[in-house]
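Both complexes below contain chain A, partnered by chain B and then by chain C.
Up next is the complex of A and B:
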């Protein structure tokens, strides 16, 4: 009896100790490392953006908003914004539409569906740098696959130097990003499509709804939350993409594919103007944080409707 | 009779449309990948022919030999070693980094996710939102201060710099997905273990962790892919120690050997592709949970 009692109290004590300290022990490593590696650089970047950093004399002087004034009055920055908007438009529209198209295909039952679903993962599994190289082979002016295909089909007389043309270069760098995002979008949309209960369609059929009505009021309505998330992810990528563009064009020809991220790289690592680089970072960060906030709000709203 | 014919016709039309769409999918995904594969089995004269050979006429494994062994068959004026001899060490480094990231991420992230799931203490909500917001920050913008911190720690140009950084950038996603898992796992069993005298840590290790295995696999696979693929930090924090920046440096050479580059690319994507195919089911689940609920 006493032994049982003793065991109980020690269990209770332990439980008390648990409640008090274990949570902090569990969270400490994650929170400390995130503060060191993400939050402190973030604060530093904000400080840098108000500073002039002289790397040679190792001197940092506070200059207020001068970097931002210089940035917003430079033609280069607005050019980068314009290029980035065009780039993002392709990276949002193409993957969302094609992703939906492939997802709708892969919920159908047909021989080859398994192969299709597995193949869909492939672009998503490849590193961005490899995707840049793959598309480099597709559009190359001397041995590109696209040129080869058009030539084989007799559609062109001689190979087109796609990447020497400003518009083609921007289009194909965006398509390389769209290629992977199509897979990402399709995987998410397919997962959402698979949760639609079959009876919904049956009930709608009984009620006399046509194919178009069923698609709009059941399929699209059901996957709308996922569709929103897919859109937002694609928008964020449209502004954060760097790797695939860097490996394909490094911002060229001229400045044709100079996204905001490429401009940031040029300021920080080619001109070594860290103050200006930090200012570009913060503008870019504000854009994606803005998108992120919309995304968090939408998520919370959709959660509250379910619970 | 006409009605029947209509139904049959609709079915045929649907099948045709399905297979047309399937063909589009195969072409869209397969064409760039296929072209890289055939390039890797050609020699450089064959790559330049017009119209291109869609099937290599004399397939060669010379490119793979160059990448794997680091030697070319024909001895040129520079001797027999090539820049591709850096490939195998880089793949080893990538493997080490990715595995280390998976382990540390599961450990730290798992602990934090469990903490968030089981205890509702004062700062937890705030900290949680903060962790999530870090997901939308451009990593690009943190690089300069991060570089300075890592230089002070004397970690620049070491694999530890990458392991450290990757783990932390993947943590928010890990915590997000694993918390969902821990939330759904029945607490009753765990409570019973606690009453029977197990400590929290024992309860976690013996009751919660085994039940959370699918979630842990999903997160582990995703962090592996992320760590294997990362380019920008590897480029700026190290001197091309891992696979992605090394690939970029091959591409930037004055005389690019495109065929060997294709072989190098192919060899280097095998690990993430195999992992993705093997763990396909977990991956899709983790991906959609991480994205849709996140």
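Up next is the complex of A and C:
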């Protein structure tokens, strides 16, 4: 009897232990991953941004806000902020609108829709470096496809050296990014559009809603969460794009395409000034987060207005 | 049939143990690879098959196996440094010259002048090339992967049709010839690789050709004390602003520029001497008319000698590493410069040894469009390596040169202010790194 009682108690204790600790044990892999992959680099970057890191002598000295003071007093940084805002505007607006356009087109049934959908994925499947090289050729001043097209249409008399002009250089590096991002945006939006029940449109028609009203109050309202994600992705890319721009211009000509990410790369991996690189990285992270939050807030506020 | 059910827990335990053993196996395998008999060689991805072939030849000759690791060109320095900081051992590696002293000071590269044959190696080089591989106090810290001189390539036919029987001798001549060529229909007469990363090489070329000493060996900015520097910068700006170059010159790549030379839409091209071979190999209607001028336009006519290097680390493999370095950058066991010769065949890369250019095999590989006495003379008497480029702060200066020169070319910075800005940066960096 006593043995049975002891076994029962032991089983209860084990059950109690399980209840208490098993959730932690199960969560541990996720928590460890978050700490190792996200928190630890974040804390290290913040610490580095307040330090002078001498890689040669393997010495790290705490210097307070010196890196930030140097950064904010640098002409190039403010130029990079200005350029990045223009770049981001193109990379947010163009892919979102074009992505929506292609998604609306490819959700309809027509002959060749399958081919259209396959083509839509192609830019997204290309690496950024290839996109940069490809667009370099598109806008090339002697052999570029764009110049060839404009010339054969009779719109220009001689080829235009697009990348020699600061505004065109910024525009086309942004367009190279927007091109691939359009594909990605369209894929997400197409998936969202396919989930809209047809009954909603039928009911709206019965209620007398016109095409514009149906688009605004059914299509856009339904895909709003996906649209928010697309916008957020595009904002992040608008501030964090690096590869294609580096391949196309390395930040030039002059400062024309000097994005904050290019500045970050130069500080960290050409000058090996990891302290300054970390400071730029934190500022870039805050800008991206700030702009992203504003957009999400605006999107959801207008959603609550509808509801 | 006895069917045994596998519980979720058992499955996780089994697969977890399996994955762990695989991971541990991987770790131990990679450790073994890092410490085994094979030497670890790191290089960038210029013709990796040729590098592999060289290393195989070395193994056949010495019996020492060598593992080759390729890091992409873009971000090579970063990749190399990150690996070293992460504890990866490398015995021998390619490096950019501007990083050589930085790596040496950090203890990642070993001095070589105390190793057997080092005196012979330095003794065989062009005297002008030696400072490129040594510290100001004479320690040998790197060896030549390849060497080149910046030259003025020109199209003899285009010049002749515009009434010029010789390439320009001074910068004013060059400007005037370009203006005439442009008038005669050559759209962008003068090409040079003025992307940000390369502006610094041209800074050296243009200063040296006027007889201006760019830096003292310790890295003091001597160029700032010479009033002719501002004149050079004014000429440089005028060449771009007045349309003597391609308007896209600040972002164009050599591939595009070579095509323009091969097709005759450009008449001059300043870049490393091996580009003549690359242009000839590529073909095109004008390649037979392309020549190299014996001097760089300027009052002194001197040019800039560049090249990249091979370094080796310290440790238990020093003797074998040095043997490999000598094979790769000097001579093989038969006394042949087989690696340099192979690079000459593959891409006309040069070497800083006078006898290299006398070798019939090298001459055959380069092509009969080269004047070897001219190239040798440029290396020996008419070029400078600018030893300050080995200083640890130099890469940061290089970035600044790219920014400021491009701003100046676009008309956003006055030439005199550009000179001041560059000099101030040098002073600032030297202080930071002291």
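Basically, the second predicted complex is superposed on the first by the 242 of 307 C-alpha atoms of A that agree within 3 Å, B and C clash if a C-alpha of one lies under 4 Å from a C-alpha of the other, contacts with A are read in each partner's own complex, and residues count from 1 in each chain.
One rule holds for everything that comes next: contacts are C-beta pairs under 8 Å (C-beta built on N, C-alpha and C of every residue); 3 or more make two chains touch, one makes a residue touch a chain.
For clarity, every value in this text was computed on a predicted model and none was experimentally measured.
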Which superposed partner A:254 touches (first chain B, second chain C, both, neither): second
Partner chain in contact with A:269 - chain B first, chain C second, else both or neither: both
Touching partner for A:201 - first (chain B), second (chain C), both, neither: neither
First (chain B), second (chain C), both or neither touched by A:68: neither
Larger contact residue set on chain A - chain B or chain C: B
First (chain B), second (chain C), both or neither touched by A:142: both
Residues on chain A lying within both footprints (that of chain B and that of chain C): 142-143, 246, 269
Chain A-facing residues of chain B, complex: 15, 18-19, 21-22, 24-26, 28-33, 35-36, 39, 47-48, 50-52, 54, 108-109, 111-112, 114-116, 118-119, 121, 124, 127, 129-146, 148-149, 164-165, 167-169, 171-172, 175, 194-195, 197, 199-201, 225, 228-232, 236, 243-245, 247-248, 251, 258, 261-262, 265, 268-269, 272-273, 275-277, 280, 283-285, 287-288, 291-294
Partner chain A, residues of chain C touching it in the complex: 74-75, 77-78, 81, 85, 102, 105-106, 195-197, 246-251, 256, 259-260, 265, 392, 395-396, 398-399, 402-403, 406-407, 409-410, 412
Chain A residues within the chain C interface of the complex: 55-57, 76, 140-143, 161, 163-164, 166, 169, 246, 248-255, 266, 269-273
List of chain A residues in touch with chain B within their complex: 7, 11, 14-15, 18-19, 22-23, 25-27, 29-31, 33-34, 36-42, 44-45, 48, 98, 101-102, 105-106, 108, 110, 112, 116-130, 133-138, 142-143, 145, 148, 151-152, 159, 179, 182-184, 187-188, 191-192, 225-226, 229-230, 233, 236, 239-240, 242-243, 246-247, 261, 264-265, 268-269, 274, 277-278, 281-282, 284-285, 288-289, 291-292, 295-296, 299
